[in-house]
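Read through the structures below before going on.
Both complexes below contain chain A, partnered by chain B and then by chain C.
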Partner chain A sequence: MNRPATTRSLRRRAGRKLVRSPMAMACAGVIALYVAAAVFAAFALTPRWPTSHDYARANQPPSLAAPLGTDAFGRSVLTKTLLGAKVSLTVGLVTNVIAIPLGMVLGAAAGYYGRRLDDVVMWLVATLAAIPGIVRVIALKFAFADTVLLDGTPLRLDLGGMVGVCVALSLTFWIGTCRLVRAEAMKIRQSDYVLAARAAGRSGPGILFAHVLPNVMHIGVVNFSLGFVAAVMAEVVLSYLGIGVAVGAPSWGSMINAARSDLIVGRWWELTAAVGAIFVLVLAMDLLGDRLRNALDPKAGKA
Partner chain B sequence: MGAFILRRLGQAVLTVGGVMLVTFVLFRVVAGDISANYLSPDAPPEARERFYRRHGLDRPLLVDTSKPITSAAFWDSQFTRHVIDSVTFRATSYATGQSVGRTIIERAPYSLALTMPAMALGWLIALALALLTARCRDTWVDRLGVVAATAGMCIPLLAYMIVGQWLVFRVAPGAAWGVRHAGNIYVPVAIAVLASLGGNVRLYRTIILEEISRDYVRTARAKGATMSRALLGHVLPNCALPILTQLVMAIPFLVMGSLLLESFFGIPGLGGQLVASISRRDVPIVTALTFLTALLYVAGLLATDILYAVSDPRVRLK
Partner chain C sequence: MTDRTPLLNVRDLRTVFDTDSGPVCAVDGVSFAVRPGRTFALVGESGCGKTATALSVLGLVPPPGRVTAGRVELAGEDLLALGERRMRAVRGGRIGMVFQEPATALNPVFACGRQVVEAIRLHRRVGARRAKATAIDMLARAGVDDPTRRAKQYPHQLSGGLRQRVMIAMALAAGPELLIADEPTTALDVTTQWRILRLLRDLRNSDGLGVLLITHDLAVVADSADSVGVMYAGQLVETADAGAMFAEPAHPYTRGLLSCAARLGDGRGRFAAIAGAPPDLSAPPSGCRFHPRCPAGRDDQRCSSARPPLRTVSPGHWCACWQCSGDGANASASRRSERPAAQPDRRRGQEHTDDT
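What follows is the complex of A and B.
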């Protein structure tokens, strides 16, 4: 079917707008580089990491042999940074893959059905939101320290390490998405197309998945980019405090923790590598998220 | 009006009750047995039982299902004790035996000494900068401001902290370490202000720009008001509500202080205490501090909602 350009769907127009923006493409390129680095680290660097210490070469400044210098155990800071990218990207991705669908489904259901369900969901949201920001994440991760789910089965989940970080962050991040989606779903509930679907005899869940959820998808997409940045930053703080990924596992937060008094004695490379890696990733994700929000905003689309 | 306040009060009570439930499930059920952190590995079983008894951990979580369920058994459960401890702040620390209420009273002033100047200064400077960028919209000042704010937002607080300490160390070595001298509080305060600037400037700028595009600003300009006058006299008062809401969200952290800054600079406030209690697995302190932040947050939200309702009748109708 040959549709005129003006009726092209919001999603396709947004995609086109993003591809045409050099800034958005540059950011996407940077993120692709990080993903490549993380995949490379996961397969090529992880096996050799635990035995790579060499005390004879501890605390070396950057050189040809170790482009970003070595840490207090003589391990390559470059390798450590790449392994940190693996941790950060995994946490950012897994957290949002759990949190966004959870927030969207609960928010859409609460907004669409209203009444009791809405009361219960909103009570849950208000309760969790009452413990502000970082304290909530810390409290969750603190409680998870010795928790092992499904022990003795192949699906064993040790919440003490990275899985726990993802679960703690997901339990925190679904709230924002849920609130926004609920407000939007309340508006959609009164729209003509939902009324028409109901008159045609469509069931509640059918309407929810066929009409409500597709129309709040843009909120999920935007919150994914926001949540990714927040998850990366939160993982850094948790690992710095020693309640993030398993102790000793390479992560940008534990790198900052290890190097926290290094500047004063003139060792700048480990801190710089970790902070630089965080800065570039967060900046790229933030700018891309901004472009994404603008592209998906129908009001900005007409300009 | 009365009905509105009553309804909001009811919601607040439900929320606080929910928080108690969450902290109970997290710290008493999920966290499991933490006695290993306070007993030597070869301590006799009696020592472990004494520890349980002292902290009420020998009681049933909710009810003992093996015995007939009586109301006395319910009142004796860990849950009842958790609720009472939460409200009275009378639980005692595993590590020091001090009551959490006393800990809070002793340590909160140190947190306030850090956060009150940091938040007041951070708020004022961010608002001034946001007004400046909005006033100079689409000039190099605005562009530079937005770029700097975005970059500033993407640097973690940890980096500000460590680099800030290093810079101060080079100028005044004594001030960089801890706050043994109360006068040295300016170092963490300055770092807190700087780290919060990026995000706040961007947020306030967005709020102000949204107001600037309204009709009343055009009317004021048409009547001959300068842009600066329109900004200060008309836009700023209308931005007060969203900015105030954002400030209320920060109230819990006034008392809690900055977790990272306090533990890094050795300030004996509540944030540093929380961080220390996490590594010691001092459950009563973590429970009480989590509950305290939630209580402050709910109270702040309730106060703003009531203030909104008093100042704007439309809010009450919702």
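What follows is the complex of A and C.
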């Protein structure tokens, strides 16, 4: 075995593998464009989003003035699509920022400590998993209707809208991560380096955070990328059904809903813009997630 | 040399695993002492309770196992009476442990240096920079060449010998008084073995470290140990200074082990193996646990009915065997070769347990 000239960590090696893959880099570029669009939408477009309607300019096909045409209320479909990117990326990010750490910590603790804690966590997982995913999310979303947390403070959380979507999705998405991490943690619990850590005087929580969680990080990273796609799509479905973001707020799902009868009369642009935006984002995310999983898998061979 | 007070004093240690098929007594009344600056070797076949003994000392017997009786004293303090929090300070802080398989005992996701740093900072209040300097110093002392570079490498980038050196640096990082080395060289190739053993010996001599060496390799014992305890089926059957053990083994099992060891140029074409297999500890043989496989005392009723106590053979040399009372030991040794081979020992062992 020849020594590598420079020392590389597993993480850095995975990063290098990704950078060397043109497909992964193309996908990352596309996602970066979406992020830029979302940031631009959040700061430049949201304040100017028309609350009044301009029926004189309604339902116009794409033109120089409105590159993607206008909707039934005379608003720019391009602006709407960009604002939809903001919603989708926020939901994808916030959902997984809540769900992945939750699933990882609960799964690792259940797998490492076992016994009663494992019973409780697995009971919770089994109970939640017994209800079909979309039904669970819809039920939660209905339960959140008109619920406003911390009302009157700057941290006001209106669970009826986008935040509610994130929370409902998080409470669903942690389950898969939890299961995978738990199984891995049960293996790690038996490992020599955990015994060695105990022999070195580490406490139980110390081992959980210093040894178990770092060794399941790859599961978190991969599930984050998969969960992101799933959350984006779930938000679209919920908004399409009218139980996603607040009524009237621009989102790809509500765009599809608004435009669903437009296609028959030949107004294709709003539906196309929303579906195209979803399609490209989901494809890029999926491909990048796939490359990421390969890069993080030490057994996947050299790429 | 034997007059020094023991660093680790283990008395009548008993560790039981409550399995589904009943309790299994993995460590049954084991007593030994490790002195500062000396190496005590626990020898025996796989599954005879060596590792269980070491884990009992550290209070790390995995469930469903537990220590049910005995005393474990470290410099006079009873470790079995300590609470978990104070025991954690002992682990790593006062007792370091080196494991058999350095490939799996190091966490694969962290650089080696960081693992040594953690071992230091678990027990000493030092800043990150000081801890790092100490870690590199420890790696250098453990014989890691170019420790600054090696500290940044990951376990999978190191050879087995280097990994074991990193393990040793970790075990000694917080300056323990006792080092438990559980088969430290078993996973290494022969030339690396000797380098690691020499390293352990040097560290022991320079730091006055007491070493509890667990091994099944008699060559390792002969090389490194000052005194030896031989374990069989969870019990200590013979204990003596290393010299006496090799010169005049008293217990038939010890003699069997020694005759299994390869010696250059002794002219024999074959090894004399001990017939049979170690007993099932959930149903151990009655009386002396070795008697179903024992070449000596075939006709002695005591062997199959009562457990032989540890008796003095000569000063500093104890043996638990009904057949070896001082000078009578050699007679049974000569009978060993007359023993018919390929006896169905396991079945006979079962018969004896049925008697109880």
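Throughout what follows, the second predicted complex is superposed on the first by the 287 of 303 C-alpha atoms of A that agree within 3 Å, B and C clash if a C-alpha of one lies under 4 Å from a C-alpha of the other, contacts with A are read in each partner's own complex, and residues count from 1 in each chain.
The criterion applied here is as follows: a residue touches a chain if its C-beta (ideal position, glycine included) is under 8 Å from a C-beta of that chain, and two chains touch if they have at least 3 such contacts.
Nothing here was measured: the structure is a model prediction, and the numbers come from that model.
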Inset, instruction - Evaluate whether chain B and chain C can sit on chain A together after superposition, giving fit or clash. - result: fit
Inset, instruction - Have a look at where A:196 lands relative to chain B and chain C in the superposition and call it first, second, both or neither. - result: second
Inset, instruction - Could you tell me if A:124 is touching chain B, chain C, both of them or neither one (first, second, both, neither)? - result: first
Legend entry - Partner chain(s) touched by A:63 [first = chain B, second = chain C, both, neither]: neither
Inset, instruction - Could you figure out whether chain B or chain C reaches more residues of chain A? - result: B
Inset, instruction - State whether A:210 touches chain B only (first), chain C only (second), both chains, or neither. - result: second
Inset, instruction - Check whether A:140 is in contact with chain B, with chain C, with both or with neither, and answer first, second, both or neither. - result: first
Legend entry - Minimum distance between Cα atoms of chain B and chain C in the superposition (Å): 14
Legend entry - List of chain A residues in touch with chain C within their complex: 1, 3-4, 7, 9-10, 191-193, 195-203, 206, 210-211, 214-215, 217
Inset, instruction - Quick one: which bits of chain B touch chain A in the complex? Just the residue numbers, please. - result: 11, 14-16, 18-19, 21-23, 26-27, 30-32, 34, 150-151, 153-159, 162-163, 165-166, 169, 249, 252-253, 256, 259-260, 264, 274-275, 278-279, 281, 286, 289-290, 293-294, 297-298
Inset, instruction - Over in the complex, which chain A residues touch chain B? Could you list them? - result: 123-124, 126-128, 130-132, 134-136, 138-140, 142-147, 233, 236-237, 240-243, 253, 256, 259-260, 263-264, 271, 275, 278-279, 282-283, 286-287
Legend entry - In the complex with chain A, residue positions of chain C that touch it: 58, 60, 88-93, 95-97, 99, 101, 104-111, 118-119, 122-123, 149, 152-154, 157, 159, 167, 170-171, 174
